[in-house]
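For reference, the structure I am asking about is given below.
In this document, chain identifiers A, B, C, D, E and F correspond to the written order of the chains, with residue numbering beginning at 1 in each.
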Amino acid sequence: MTKKLVTFGETLLRLTPPGYERFLQSPHFTAVFGGAEANVAVAFSAFGMDAAYVTVLPDNNPIADAAVGELRRFGVDTGRIVRGRGRLGTYYLETAANHRPGRVVYDREYSAMALAKPGDISWDTTLDGAAWFHITGITPAISASAADLAIEAMSSARTKGVIVSLDLNYCRNLWNWGKSSQGVLNEMMRVTDILIANEEHLRMILGLSQRGDVQELTNYVLNGFDNIQGTAVSLRGSLNGHHYWSACLNDRKQFLTGRQFDITHAIDRIGAGDAFVAGLIYGWMNFAERQKTLDFAIAASCIKHSIPGDFCRATAEEVLAMMDSRDTGRIHR
Amino acid sequence: MTKKLVTFGETLLRLTPPGYERFLQSPHFTAVFGGAEANVAVAFSAFGMDAAYVTVLPDNNPIADAAVGELRRFGVDTGRIVRGRGRLGTYYLETAANHRPGRVVYDREYSAMALAKPGDISWDTTLDGAAWFHITGITPAISASAADLAIEAMSSARTKGVIVSLDLNYCRNLWNWGKSSQGVLNEMMRVTDILIANEEHLRMILGLSQRGDVQELTNYVLNGFDNIQGTAVSLRGSLNGHHYWSACLNDRKQFLTGRQFDITHAIDRIGAGDAFVAGLIYGWMNFAERQKTLDFAIAASCIKHSIPGDFCRATAEEVLAMMDSRDTGRIHR
Amino acid sequence: MTKKLVTFGETLLRLTPPGYERFLQSPHFTAVFGGAEANVAVAFSAFGMDAAYVTVLPDNNPIADAAVGELRRFGVDTGRIVRGRGRLGTYYLETAANHRPGRVVYDREYSAMALAKPGDISWDTTLDGAAWFHITGITPAISASAADLAIEAMSSARTKGVIVSLDLNYCRNLWNWGKSSQGVLNEMMRVTDILIANEEHLRMILGLSQRGDVQELTNYVLNGFDNIQGTAVSLRGSLNGHHYWSACLNDRKQFLTGRQFDITHAIDRIGAGDAFVAGLIYGWMNFAERQKTLDFAIAASCIKHSIPGDFCRATAEEVLAMMDSRDTGRIHR
Amino acid sequence: MTKKLVTFGETLLRLTPPGYERFLQSPHFTAVFGGAEANVAVAFSAFGMDAAYVTVLPDNNPIADAAVGELRRFGVDTGRIVRGRGRLGTYYLETAANHRPGRVVYDREYSAMALAKPGDISWDTTLDGAAWFHITGITPAISASAADLAIEAMSSARTKGVIVSLDLNYCRNLWNWGKSSQGVLNEMMRVTDILIANEEHLRMILGLSQRGDVQELTNYVLNGFDNIQGTAVSLRGSLNGHHYWSACLNDRKQFLTGRQFDITHAIDRIGAGDAFVAGLIYGWMNFAERQKTLDFAIAASCIKHSIPGDFCRATAEEVLAMMDSRDTGRIHR
Amino acid sequence: MTKKLVTFGETLLRLTPPGYERFLQSPHFTAVFGGAEANVAVAFSAFGMDAAYVTVLPDNNPIADAAVGELRRFGVDTGRIVRGRGRLGTYYLETAANHRPGRVVYDREYSAMALAKPGDISWDTTLDGAAWFHITGITPAISASAADLAIEAMSSARTKGVIVSLDLNYCRNLWNWGKSSQGVLNEMMRVTDILIANEEHLRMILGLSQRGDVQELTNYVLNGFDNIQGTAVSLRGSLNGHHYWSACLNDRKQFLTGRQFDITHAIDRIGAGDAFVAGLIYGWMNFAERQKTLDFAIAASCIKHSIPGDFCRATAEEVLAMMDSRDTGRIHR
Amino acid sequence: MTKKLVTFGETLLRLTPPGYERFLQSPHFTAVFGGAEANVAVAFSAFGMDAAYVTVLPDNNPIADAAVGELRRFGVDTGRIVRGRGRLGTYYLETAANHRPGRVVYDREYSAMALAKPGDISWDTTLDGAAWFHITGITPAISASAADLAIEAMSSARTKGVIVSLDLNYCRNLWNWGKSSQGVLNEMMRVTDILIANEEHLRMILGLSQRGDVQELTNYVLNGFDNIQGTAVSLRGSLNGHHYWSACLNDRKQFLTGRQFDITHAIDRIGAGDAFVAGLIYGWMNFAERQKTLDFAIAASCIKHSIPGDFCRATAEEVLAMMDSRDTGRIHR
């Protein structure tokens, strides 16, 4: 466990009604913690790797303490988390069913993370020992100061020789603090080594039309951003509650495509993209072959669809087994 | 909220085992309230419209009080509900799974509604301010006096110039008090403005064979019943637990068909027909186009399949979004 | 209820996390009892037949007492159960979801059944009044003494003129006490009247390659084992969490195949094979036609996929209805 | 298990909200089965004795089937239960908390038991092998025909030389079918061997004022009813949700009093009187000393206060341990 | 239902772990709505009276919609609720157990109510038809603008001739927006007709030491504030998780004390003070005798301790029964 | 966090029925992890201190993995845990209610810890950085090899200059592997610095009668064992489900007694003794005064009685607050 991954972003408490109920249909919520970067750290740690998660949480708050404990449960290093003023970001989620889409209600304004600003975190200490730093496009969307802090973090990492990955993860409802997402995210892409995105978001941020195939799209990215070593694009289709999930990867040497999984009974798709990222970093660190790296990332994402909560609770062995196996109906006993 | 809908029928307590369990597999029941006409009132109210629900409930009974409270929660006007002697109608429901059909066990004999008789309800007051009155073929099936009361209600409504809709909703197990369902339901159809039915029930009540297509069937209705302005027929197919749901509408001007929804993971199909009715009334009142009316009704019914319990807990905005959207896999955030 | 079935095997406590959660994702387990031969006895009893179940359970143990009570609930005769030293066999099960396979973690070493040995059970008394005796290939896998006891039981039954059925049910993880499964199971097949197996296990135990079709396979069995009157082979395919389930039967007079069920939403497939066995014995005892016997067994197995827990909680009427019905979407009311 | 007890009465489904909630505060009920005479049979069977329970249940009703299965779980012989037309008696119970009393809402009109009448049950067969027959004052309260049936049962039992016990159990809300409870219950007392009652009910049925102590009251009973061999009177006080529970016994030879238990945290007091009866019958059958009989009955009743549901799920060993032990805080490990 | 009560304050979503668990011990919360003034409106409505509740809730927020629905369920008039920007106030509550105190974690900053300011609510319309207006000392604690709005509301009510009651309800953790609680609350007391407080808070706000008994304290209030017609002071003691609850009332004519309830098993004490207020208003409106008014208020508060959630779900009949009854151990059947 | 505590013992999975139910009354268990030494490590860590826990767990076992994760959640260092062959120790617990005692059913034979033997753990590495080592009398009770391993651990610790504490914790049902508990535990006391015990166990192990008071008992220990620096004796009384809990401490300088807590509603008393130990170690390390040390330990134990599960989930601040506060009825907000 020497190749340490450090991820940085907002922690969220997620509250979900039981089963397929609508909000407050019964007076109960299931509570899990999440947040894109926390999800990556947990998934990576569950693969048996070394991950630290950095965030800002409210102090004197036992719900935030529980978030830290939950991350620790997965072996994530939480010693670099900063406690400060502000709230704990929260969101409410109704589970999708059939043709009815899932519904997210955010309650994350004035969070400790939104109030954080450059200088609040000592990046030199925080990135100590890190081989890889991961962040998403959600963090700059939270607030102007969080956007500044995000870019500060990425630049610090690159200065220290740490690989920086960015998941473009565009969240329309959050970008309301002033600057345009296009400008900020393009700025972040300038300090990125590995870029992950879904096709729709990537075209939007680059200001591209739907013309051209995905390979051309990745070439466009790699041509436009010299700093980017490789870019992976996730490909999701969905119909009547079924999901078709795959991805491709361009590492400047080759353009690779992976298996498409037909996911007919998604249990929880939140965090599936983050599991993809964790799988990609795992593969990049551990496998000689890029195809295997891509396949591992896709399989990790596929398995996440079957696990309730934001976190991908799967071992590397389970992901490898899913890569290889075509017949999944057997019970393992 | 000026176009008030008044619905009238029996209220039922429904008791369901957890998940896909069989009765008493664990010692727990989930309890919801329902009843076809209550379902229509709730769905209509959830669309942001003005609905009142009329029924007869046992007095001095806190379970019946809870039923009233639950209807009130959705904004349904419960001020016209009558309390009297008798029981609260109850039914037990096992959720269908795969090839195993759902199972209903009724325990609704001697209910306050079954004991109710003409004269128990002052229709003049009860229909005050109403623009539309809705009833189903379940009410006359309960008892001879309830059948008389149902026809009294429909006639009173028409006398007051209120539009009367009837959902033919044939329930074989209930018709055991003497008269034939055919006779009574044909009598009700004579005091109906808008008729809703599924194809199978409609043919049975009209004594028609399976010959002829659905358009011919609606023409047959409109030819035979001068009083009926329009008739909508729901079309359900099912295979291996999958449902195919659509409907058609004949308003004497045109015969319209709507989109067919492929519902592969029905969460709860009880109340789907009632959501269709509520959607049809909503559209009839609010949309200039009959096609939009039909499409709204079908989409409302489709969304109901995704919601646990008898009630359709969806806003008009959500139904409109489902009408338009083809890709429903995205989470709304 | 004169044709009594006696089954013999290990009782297991099964602990499952809620819904599709992974182990200990929340601090709760659902607990059910099972074990292949107990499952057969319960399913057979639920069909309205007369079944007794024989096992060895730890004494002075209220969890084992609860197992006995649970079997009694279904009308299974538990008066022949032996209590002794040792543990109650236990297993943990994660429910499969999408591409993620179910996971079984056994904790059944040193169980009372594993410690049992020839002479511990008086077969003469225990088989009193029995018309049929059923056992599976799991029992001999538990321990050397259990294997000896299993063969003692089968031989005793045949001596008394009781029909003996064997479900080959090969469990790789259990065979670790010394002898090879091939040798022991072949020895058991020599004292078997009716053999049930899935194709894969059967080929493995017989040392056959995948060459030849299923009919040839059943002929091979019947040619090799004079004592076997008939053999049924279950055929399961699975893809993306969907199951295709069917079976065939060779009774030396004819080779019969049955309907294939497409099971797209399996709730719980554990015990489906045992429901098949119970259905086969039910049909063999009650139907003149072997085709109806096979069809009943397949339908029983199909319905089990829809019922949570190890036990098939379905009446003979429900199985017959499933055999006949093609449209299962209707709710029975 | 040779001294068989047969009890006869109405089976009830009980529906209770979770914890200390009021009805429908959340949409869930816990479901248990009960009924005074069923409770006695279950408690007696749990003591390791031989009990049969007789009742009339609706046929073709899976909820009633589940009641039978639940009784069987405890080893109660259910083979003498009659199935007929009518409903399954049901009641709703809110758990008492602090000063707030528990609340019962009955829904037991038109039950199969209320519709049963003399001649429906073959008492000769039903009482075959019985040493003791038990009934309560609830059964005659249900309906005129049930009252006739109750007296028919008691007379038949006495004719066959079976000991008859009657728990006076007066239920004011039920006596509304015509005759006065005083008349009917006095008539039943004339065919009773062992009478159990609480002081308040006993005085009321006998038309006695509160004057005189309990010993005098038992003497009054034994003087007035030559047929009664012994009478036990339970003594309950309660304050602020605490219960003080004891009882006395007069067997014509001596007047005995027992230990008073101070029950500060009653979990469920329904069925505590029935556990007392079961304990008394157990003691009468098994102990030479009447004091031990009384003490066993009181301890059984005390332990019932700690067990959720109507049924007393305790072994004879546990009751004996409670009789002897004064310090109950230790965990048994 | 002509004497309408209008209450005004912040609505809160309360999230509580199951049973006596600490936060996030399992990943579940029970969700109820509350807030002191909402509690008063619900309790008053449950008594069968006419109540309206005024608050400011975030718009486009289905959790806030559910709060409105929940109030409506109890018959509270929610038509005067204002929707605006801001969050829904939330709090987390751990249930007290034994010596361990309950713990509240507030997450109510930036709530729609905190952002509300004078002018946002048309008091003239809002108080239309009101006979009584109730507010607590919590509202001014939320923010400077909410404090201004609170005083605006009280003054408007008095101008319209509506009786104004104030529950002093001091919440130390909330007063952090600038002004001192003493100043603001004294200002509110100047526009109050009926003052309710607990002894400790009252002394603190008045700047009084612990010297003097409660009667002197009430005299001090009535002497200092000419506008106050009467003041009730609740008296709570607690020891080892037991509560002793009583209250006194000084209406300038007499000083009355009430029964002390010994509450040994408090289920939920939140909202007990609000039930006291609702009971006091109920009595003031309905009873000629002030002693009965006080007794009703105390009994209402006592019964609230037995009901989970913020709301007092009890009828006036139940409160009257508790006033009279000393023996509460009986189940009502 | 420099004064590291290392504890060593068996990890147990505990399975408890819901609420006050008896085993398998409903088909659910609540699952928590525990074990006396794990409980001490978790409580100590929750106080904000540095704890490591050493045990032997089965490898390739996701339930054991979950145990490790759960300990990590509390910040316990799990890096020194050894994985090997054998089972995960398990026990079933029924919660005590009223006069009914709690019931423990062990299923811990052949656990990985029972199979562990001297040499399996490298004590030199394992105790690296430790200031204190804690063990209980349960570990040697498990098996002969575990007893040898326990003494090896204690001796190694003393050799390294680590303080060794022993909780005598006598468990009668476990001592069945050959040697007498008296001999082994006396041997362990010879390598102990701080001894904790309850009075009853201590007298039994020392072979003392009940004569003499507790102070004499502690003197007897300190006179007989030169190596023991101090001994704390916990004092529990219980009556009708109420607990009286206190303790005393003799550190050779003085004999101290502490406050007695009257615990009338114990939620979960398992782990209360372990919380006492953790509190004692915390105080010994952090407080100059021994009286404060004893008081902290007693308060920690008292607070544990209010927390479900084996673990004491309380901060040092909460324990300090409980030490000081006499009135605990207030909710902290």
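Going forward, contacts are C-beta pairs under 8 Å (C-beta built on N, C-alpha and C of every residue); 3 or more make two chains touch, one makes a residue touch a chain.
Just so we're clear, the structure is a prediction, and the values are computed from it rather than from any experiment.
Engineer: Quickly list, by label, the chains bordering both chain B and chain F.
Structural biologist: Common neighbours, chain B/chain F: A, C, D, E.
Engineer: Report the chain whose CA-based centre is farthest from the CA-based centre of chain C.
Structural biologist: Measuring from the centre of chain C, the most distant chain centre belongs to E.
Engineer: So chain A and chain D are the same sequence; what rotation in degrees superposes their CA atoms, nearest 5?
Structural biologist: 180
Engineer: Compare the contact pairs of D-F with each of A-D, B-F or E-F and report the one sharing over half of them by residue number.
Structural biologist: Within A-D, B-F or E-F, the interface duplicating D-F belongs to E-F.
Engineer: Copies chain A and chain B touch; is their interface built from the same residue numbers (over half shared) or different ones?
Structural biologist: On the two sides of the chain B and chain A interface, the residue numbers are mostly different, under half being shared.
Engineer: Of the chain pairs C-E and B-E, which one is connected by the greater count of C-beta contacts?
Structural biologist: B-E
Engineer: With chain centres defined as mean CA positions, report which chain is farthest from chain B.
Structural biologist: Of all the other chains, the one whose centre lies farthest from chain B is F.
Engineer: Measuring from the mean C-alpha position of chain D to the mean C-alpha position of chain E, what distance in angstrom results?
Structural biologist: 45
Engineer: For chain A and chain F, let me know how many angstrom lie between their CA-based centres, rounded off.
Structural biologist: Each chain's C-alpha centroid was found; their separation is 41 Å.
Engineer: Can you list the chain E residues in contact with two or more other chains?
Structural biologist: Only 19, 22, 25, 27-28, 69-70, 103, 264-265 qualify.
Engineer: Quick check on the complex: what are the chain D residues that touch chain A?
Structural biologist: 25-28
Engineer: Quick one: which bits of chain D touch chain B in the complex? Just the residue numbers, please.
Structural biologist: Touch residues, chain D against chain B: 15, 22-24, 27-32, 61-63, 66, 69-70, 87-88, 90, 92, 103, 105, 107, 109-110.
Engineer: For chain D, which residues are in contact with chain E within the complex?
Structural biologist: Where chain D meets chain E, its residues are 19-22, 25, 91, 93, 96-104, 106, 171, 173, 236-243, 264-265, 269-270.
Engineer: Which residues of chain D touch chain C once you look at their complex with the stated criterion?
Structural biologist: 69-70, 72-75
Engineer: Touching residues of chain E toward chain D in the complex: what are they?
Structural biologist: For chain E paired with chain D, touching residues are 19, 261-267, 302-303, 305-309, 313-314, 318, 322, 325-333.
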